[in-house]
């Protein structure tokens, strides 16, 4: 029986998380009912956040959980509840659609893996807690990444206005306008 | 005003315009009141919409002037995340001009509910803002966020057409595949980031030229994929015909023209990172030839003018891509020139679409919208409106590459630039493609000029505005075509400076 | 399972491919959107892994990942609102008719 | 006047452009004013081309009346116009046919404004090709000349006009698809980064392997417009469908753009390739002559007869060029000119007959000479020119070509002369059936040409006769340039 060192534990945990992430993703994609898909998605997100945590980024892991699980998945649940009162299982796609997609997906993965062998990544500096801290992130956001930080606020604002605008159409009918020139 | 603000002037102007439009869009006149009679509410909404249209037009003009004023600015901004240079400023002028003319075209747009017209103007401005930032972004995160600003505004605009119908599906398809391709692009960007250990575009370029691996090419191609989607080149084109056909004419005009210029400029920025990657020459060249062949063949079968324009856009994107494949400053200048010409020609074509759209009943019996425009509906255009027929003729002949339009000189410059890189057979295939394209452009032209008007078709009143647009843009296309030296040296200087830096 | 850059990159490419399958194969609009979100998750893992194993300042990769999360939120908002309009117009949220349009 | 002296060619080019602007400005309802402005503009350009002819210095082969303007130096594009003995007759031809064509269409009533606008664009393109000495501008004007044709035929044409217009345009633009890489390739593979024709010709570039491809592309690309066998099929169909003046411009002038392109770009820039490919060109030219003549024999429609005879006559031009001798090339250029005038005359006469009888079936016509003596005379003069009867311009042209051909390739020369005999047969047959047969009652009250409408025909016939009686007028102008070209060709391996 191998000794339970911190490394082995970490590796075991990482393996578990990876399995969780991928299994959740596969469930999210393959199951026929959307609710089950959402549960799989949640599992995958939790696994992904765990992987991020092991990589050393607590803040990103937290944000992943908060936004993907707490925001996006919940919104999707609402959307599903609002839109499909009596959900029917969807018909499977024909082989003509499935096979190219599978080939594309596998080809993509194979291409990346194959290309990765060729990759030559720069070596990072050893782990320093200071550099991984939220403080450093905040500092970067207000210096080097000030522009995208401002820009993403415009993006989020646009998305909010846009969603309200689009969703408004589903509730209020338009007043009839046939001839509205001048 | 300090130099920093001057450098950021056009973007600030657009931001201001967007803010004003935002307040008009959510302004006090907009909310529903149960007690108000429907008729007076409708009138009020129309008044607000027209006010918004006019404000946007003036604002667009101001932004255009600001962009021209800022053309000589240069230097970094925002800790090096943003770089203002001649190339970015020239493209910003073109984007501002594109926005201005699009707003002009969209005045009193019929295929949008009046309540939603201020939002149309708002998102058009925001999308242009995104594209302007895209051109100057010198760092991947800024690039990505700018790309998304430009894209999301369009995702929101596409479903905003009257009634309920196919456009919702087309809008979702556009959004979803757009989001998926941008995720693919993001995956590529993440690898580029990993390869360079930095998100700065110049640093990535240095890292890639130091180590041009297969992974680098793959990652760059994935990243380019996100922009190919915007440019709608094969095989990223599938959204275009449906979106063009089903969305409102004004939005389709913007997507077809201005947003393509933004995409070309973005591609140029990205390709800066890959100048040392020789494989790109073959990959992009093959993609370009596929794109133009596919687009032209598919366009042959179209019966709807907007779908035809979409497929012809796929083919035209192929021409531009061919220029980009040459990875050479002369070819980049030619591609930029061609993109400008394409923008002007699209404006002319969509002027006809929009003006004809006013006369057609846009709503089907079941209440869904009909934003399509069969080629047959163009029948007898020469007698119904000589102005529109003229605009259509210049537009189509320009797309077909017939002199003296800018389409001809643009093709000549592109082909010369490619041949100088040894692409003799590429030019031949492109030339044959051009012949195929002429066929379907002539079919449309035949409908407008040869076929007599259908029974009951009345003359189309063209007011002063469309006439002025025909005259100014049409004249611009011709002048640019016979005297390209007006802008070509500037473009060459701008591109060389960009590549040199 | 050795803790190397390669294993993380494999994980992220696999996750990305699964997400891509979802987008290409599902007909349910929400499920398609889930596919895109999975792809973004893969990118986040990629970025954080690069922050850990490559490059000078680990902050850069994390900030990049945060921006991706922000965009993912915007994406869900816009996507879901369009899904609701599709539902309003058609009474279902699957895409059989999407194919009718194409061609 | 001083400006005119130094900018004679640009002025000729500007005439139709100004005409286009004038036509655009005059309201569509005022057809009289439009026609008048077109007549004035075309008259001026005709007068200017005669002035050019008169001022031309025949003693030198160098370009004359040159004007240069930097256009895009980085891309090697310069605005250069200039003419030598080879392009001079073409400019004169265009001027004459332009003027007479406008007069011929005097009675047009349908969409007058657009008609003259498109004609002006077309003529601007034609003038531009003949005077440009820079490949970019040459190609620009070449394309400009092709496209208006589509609308001119599709709107104002007759028999299967939309099909004919589309076929014509696509054939010609397929030719352009070959020209694009070939013309740009000339600049690239010469290593000069210029489109200046004179520089390219003087460079004596060794083209290596690309030479064959580029020359063949040039030959085929321009050749489509010259109607070379087997790419001629668009031409008779197009002639038949086009309205009278468009047929005149088309067969008379536009087809010459093709042979002129082969001469100017192909032969002058790539003489060694020309030497290599001359037998092929000659063989195809003989095919043209025989095929055109035999097919014309079987036609029942007057316009088809002339359309196929044009194919035959363009074969004579290409045969003359392929001989690469002084006699052959002078004959070819002379034939381009003579054929242009002659076909214009043919079509203007048929136009008149068709306008009144509404048929072009040879079997339905008959005895027209008594009711329409003027129109018939015009046709007969053109027919005689087509056969190559002495005292008409084309006699000398064809004679020169045949002498050169027999000297170089006796068999080809003999076949070509045989073709001429066949064409004599068909013209005589048409003349006999349509004009001298028993008179038909249907045509009894048909009006003949009035004095005004006869004017353009008289001008054209007079030109044919003038150069028929005094061929030296033409040959003297050509001599120096042709000699220079022949020297270059002979110096090539």
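Brief remarks on what is shown
Per-chain numbering from 1; labels A, B, C and D assigned in written order.
As a convention for this text, a contact is a pair of C-beta atoms (placed from the backbone, for glycine too) under 8 Å apart; a residue touches a chain by one contact, two chains touch by 3 or more.
Just so we're clear, the structure is a prediction, and the values are computed from it rather than from any experiment.
The interface with the greater count of contacting C-beta pairs, when B-D is set against A-C, is A-C.
Of all chains displayed, B has the C-alpha centre closest to the centre of the whole protein C-alpha set. Measuring from the averaged C-alpha position of subunit B to that of subunit D gives a distance of 43 Å. If you average the CA atoms of subunit A and of subunit D, the two centres end up 69 Å from each other.
Chain centres here are Cα means. That of subunit A falls 5 Å from that of subunit C.
Here the spacing of subunit B and subunit C, counted between their Cα centres, is 26 Å. Multi-chain contact residues of subunit B, defined as those touching 2 or more other chains: 141, 144-145, 148, 152, 155-156, 159, 191, 194-197. Across the assembly, subunit C contributes 16, 19-20, 33, 35, 49-50, 54-56, 60, 63, 67, 71, 74-75, 78, 82-83, 85, 88 as residues in contact with two or more other chains. Here the touching chains pair up as A-B, A-C, B-C, B-D.
Subunit C makes touch with subunit B in their complex at residues 12, 16, 19-20, 23, 29, 32-33, 35-36, 39-40, 42-43, 46-47, 49-50, 54-56, 60-61, 63-64, 67-68, 71, 74-75, 78-79, 82-83, 85-86, 88-90, 95, 97-98, 101-103. On subunit B, the positions that touch subunit C within their shared complex are 140-141, 144-145, 148, 152, 155-156, 159, 164-166, 168-173, 175-177, 179-180, 183-184, 186-187, 190-191, 193-199, 238, 241-242, 246, 368.
Within the complex formed with subunit B, the subunit D residues making contact are 28, 71-72, 74-75, 111, 114, 136, 139-141, 143-144, 147, 150-151, 154-155, 162, 166, 169-170, 173-174, 176-181, 184-185, 187-188, 210, 213, 217. By the touch criterion given at the top, residues 111-112, 114-116, 118-122, 124, 143-148, 151-152, 154-155, 158-159, 161-163, 165-166, 169, 172, 174-177, 180-182 of subunit A touch subunit B in their complex. Those residues of subunit B that touch subunit A in the shared complex are 15, 22, 25, 32, 38, 41-42, 45-46, 49-50, 77-82, 108, 110, 113-116, 119, 122-123, 126, 129, 133, 137, 139, 141-142, 144-146, 148-149, 152-153, 155-156, 159-160, 162-163, 191, 194-197, 207, 211, 213-219.
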